[in-house]
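One chain, chain A, appears in both complexes that follow, with chain B as partner in the first and chain C in the second.
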Partner chain A sequence: MRDPSTVLVRPVQDRLTLAMRASHVLVAIFVALALAFAAIGVAIDDTFYLRLATEALIFSGLALSVDILLGYTGLLSLGQALYFGLGAYVSALVLQRVPSFWAAMAAALVACVIVGALAGLIVYRVRGVYFALVTFGLAQVAAKAVYNTRELGASDGLIGIPVVPVDLGFGTVQSNAPAGFFLITLGVIVVLYLAVAYLFETPFGRVLIALRANERRVPFLGYSPRAARLAAYVLAAVVAGLSGALYPMLRGFVSPELLFFSTSGNAIITVVTGGVGTLAGALYGGVILTVLKSVIGSWTPHHLVVIGLLFMAAVIFLPKGLMGLVRPWIERLLRRTAR
Partner chain B sequence: MAPFLDYIQFVLAPQMITGLSLGVAVVLVALGLTIIFGLLDVINMAHGEFYAMGAYLALALGAAGVNFWLLLVLVPLIMVPIGYVVERGLIQRVFNSPDRHVTTLLLTFGLGLVVEEGLKIVFGPNTQRPPTPISGAVEVLGVLLPNYRLFLIVVGVAIVAAVALVVNKTRYGAIVRAAAYDRNMAASLGVPVSRVFALTFAFGVALAALAGVLLAPIYSVFPTMGRDFIFLAFTVVIVGGMGSIMGAVIAGLVITQIQALASLIVSPVWGDPIVFSVMVLVLVMRPQGLFGRLGHA
Partner chain C sequence: MKPVLEVRGLGVSFGVLRAVDDVWFDAEPNAITAVIGPNGAGKSTLFNLISGQLRPTVGRVVLDGADVTVRSPHLLQRAGMGRSFQITNLFFELSVFENLRLAAQRLESKRRMLLPVGRPGPARSRVDELIARFDLSAKAGDLAGGLSHGEQRRLEIAVAMAARPSILLLDEPTQGMSHADTLDTARLIRDLSRDVTILLIEHDIGVVMDISKHVVVMQHGRKLAEGPPAVVRADPAVQAAYFGHA
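Right after this comes the complex of A and B.
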């Protein structure tokens, strides 16, 4: 007879852990490619492409936050730009007063936790279609409010955000250094990815996945769907806000467009083409979308037609996005090496 | 007493009547949305773009010399096959995916993006305004009301009444309600469910386009016109109860009145936040909305 304890001691290789490991591999490849890109950028003394790539990474962070909700909890947020914009505006306001990277990030974090929790009190009651429309409405209201507030620069936004030195402990990088700030952004996004990936491996993460699979059964297992949904919502708000906080450092301004529906919509397109529920898909998706926009945008100003068509094709033919094509292959590879 | 009466006559009444014509407009757009949701369980994010398509078709055909009265019939008829093809070609493909709400929402969101950009390519990004088909104004209760707005209110009421009659009193309506209530049972009783689905979707699209034709002379025509209107329409559908015709009518009229009257007190830019607060209040107290779903009464 087998000793049951050996079953417990053996590291459990369940499907979800394996999928997450495959995502880790994909993100490791992503980081390696990004580092190579930065090295080439420095070697040829490029500014434009490095800054474009930095912006792509920042929007990948927003997409990551959409994936937390859509991929793991099954909730489609149509208003994630609210927190992206909140982070950006708070960061800009702080930077205008104190030129400190860490103060700006901390302020954005605090603001997103507070606003996320307050809005979460409305949002956690609803799911499905209602969730989508309430988040849409919240972002719409916030965008209108910012657009009409003179203290926040109204339709012009806040301009003239100073260059900020990023003190890393072992050295300082200026936010206008293309390669340096690209690496900082890459670092922030990877840390956000790792933090989210870690949380999803905890029992909390499993409750979220259970919510997506069958919400009615979750209370019978002793977990509160609403509490988990609220936590996921605040987590997504923080991830979006911290990504947004990097935006004014890169561009030197913030505008109400960051809060508009097109920003939320782009993040959704990013996640769906990259791969819903993979986390890595958000990172790849951000880069793919930026490349597509620049390439198609150089042929025609109406690149949204092509992107919209590709997006519809992804929804119909690739429900798991590009990562859905690649990740099972890596999972198989990992399972073979685990044996 | 006199200043009070003056306030009613010169401030309150015009505001309420303007609100009423907006209300009828919103109800027209929301009607198609709520019918599509009630029957197909699909959130049509592209609804606003179908509304814009209707307005642009009216603009283009009107410029080609087609009479406005003919447009009211012609444009919805043109949109029916388009809606039918969209349902058959796109929505049916993902209809049976595990998360229908999210998948169809994403798909129609993409479609809306393509249509909006397509309108920009074909008609240019600028705002255009078709001529008002009925000019002049009448005095109603001491309030000067443009004839066209009066016409809009009357026609809107007639359309809503006609749709409600068709859905609730005719054999076709019964088929639609049966399919909404229990798809499998309806199918086994010989209802061609998938064709009913496609035709109902097409009907909802045609209604959106009809709203576009009617509203173009008032609100002008521009590529993003659908996006600006759809938030209000969605709010109306949520507050009234997703899939309820009666709910859409009542919520549409009440919400636009609240918005119209509130703009007397606070700046009109806060109209959207006020509407949103109403939606949140309703959702908190009655998450399913004020009225029940189509076929589930």
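Right after this comes the complex of A and C.
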């Protein structure tokens, strides 16, 4: 063995950091495209496509929460709709009483932390298939409960959520302004992305990544796998809930379908199509899926069959998703420019 | 000198089988204590009892004077116990550097759990030190899964000692190694024992006898003999049980 002091250790380019930087590039491109889209939308005085794109972004946020669990922590949640719906309902209930964007977002955040931590006490004990089943079960229970609660509008949901002014400090945007609310939603989703991306570049986030890579070794790093799993679960709950909180502002109503398995399932399809474990893939995937649903839905009522086939094709031909295909290429570019 | 680790009457039963039965020994600071014995002697079970993966039916484990008998593995790790595994147990899809950085990040203050990983600090300098000491600098950026078997075994030890444990438990560190690699690893372990107390399970008796200060021989879950290598080697009961001739 050589004496450590005489050996020069070359600085190592951290692969995980490099991959995250590549995701930042992809998200920057995404934001640029979104801004261009918004500009065009305003120029041609469009409403339909701007609102469709806003909805796509909201579901991108839900997909982001699925990717935290599936792509980074190695946990398949079949019930992220629980928190998406929770955020949406809490936001709707607040907006019916107080027309404040920030109050609705804060209430959704608090609700998701509390419910996420409580449900997490059940969920954190299990992993793998059991984690998938327990998250599925919890979401089904919540969906049924909401569906049968008259005070929450039962099967009709809550309708007639008033338009809410979004006070940004320097000005106010109404939630029914197509371009304005599109930009607000874009801002929220980008902030969520940046927060999540930041966390995965900290020792805390790396423990979650370690959990995916090899859970059996994690205790011997001095961390409890269960505590790490609980933290990831609550984090994902908050991201899903804050995305869901935007939904009633856009649509003016919430319905129990937001809590159904189809919502959770779509989010998983979104992440797999966009690229598991890339974060950027959740954003692109959300747009791709929403556009496909809308476009194919206008041709045929059987659009779910087409989505299903496309999903299968994506799994077979693009196992790493769209971003899984593109990101390594950007990583190479970044590595070259770093030299 | 006060022992770093005291194993006091440790035992575990699986149904009627007493896999480990009334084992006593101490590990002296900055020395190598080895546990040897034929297959099925209960060495690995004993290790799992000490490192918290199994709960003992009877007995105590004392680390640095504190009773740590029923603590879970991650708390034992924080109390200063590091361990490696017989079957390589790394983060294969992460780089060598990141494997070590993860293992060393407990050296950082708690406040830095939510600050970026890239910045210099105790963890970063520990990783640089380990990469040099374990001769992994050419491979630091490679995925752990892409290393050769010998390199993975070295990394396994480096990960186990990254957080500066007060005792390092090594479970058959030379498992599956060529003769030359085995000798290199034995030399490495002997060097490490200057800074850290080592408890070693080893199949290769030659390695054990050369580098250990104290040897514990196990058979059928019980301690058959213990003492300095020369004494143990001369013990007729050990010769009958382990070396195959009386």
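Definition applied: the second predicted complex is superposed on the first by the 327 of 339 C-alpha atoms of A that agree within 3 Å, B and C clash if a C-alpha of one lies under 4 Å from a C-alpha of the other, contacts with A are read in each partner's own complex, and residues count from 1 in each chain.
In the analysis below, contacts are C-beta pairs under 8 Å (C-beta built on N, C-alpha and C of every residue); 3 or more make two chains touch, one makes a residue touch a chain.
Computed from a prediction, not measured in an experiment: that's the story for all the values here.
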| item | value |
| --- | --- |
| Partner chain(s) touched by A:136 [first = chain B, second = chain C, both, neither] | first |
| Which of chain B and chain C A:174 touches, first, second, both or neither | neither |
| Touching partner for A:155 - first (chain B), second (chain C), both, neither | neither |
| Partner chain(s) touched by A:74 [first = chain B, second = chain C, both, neither] | first |
| Chain B versus chain C as contact partner of A:219, first or second or both or neither | second |
| Which of chain B and chain C A:204 touches, first, second, both or neither | second |
| Chain B versus chain C as contact partner of A:15, first or second or both or neither | second |
| Partner chain in contact with A:294 - chain B first, chain C second, else both or neither | neither |
| Footprint overlap on chain A, where chain B in one structure and chain C in the other make contact | none |
| Chain A partner contacts - residues on chain B that touch it in the complex | 37, 43, 90, 93-94, 97, 99, 101-103, 105-107, 109-111, 113-114, 116-118, 120-121, 227, 231, 234-235, 238, 242, 267, 269-270, 272-273, 276, 279-280, 283-284, 287 |
| Chain A residues within the chain B interface of the complex | 70, 74, 76, 122, 125-126, 128-130, 132-134, 136-138, 140-141, 144-145, 148, 261, 265, 268-269, 272, 302, 304-305, 307-309, 311-312, 315-316, 319 |
| Chain C-touching residues of chain A, taken from the complex the two chains share | 1-2, 4, 7, 9-10, 12-17, 198-199, 201-204, 206-207, 209-210, 213-214, 216-225 |
| Residue ranges of chain C in contact with chain A within the complex | 51-52, 72-74, 77-78, 82-83, 89-95, 97-98, 101-103, 105-106, 108, 112-118, 123, 128-129, 131-135, 137, 140-141, 143, 159-160, 163, 187-188, 191 |
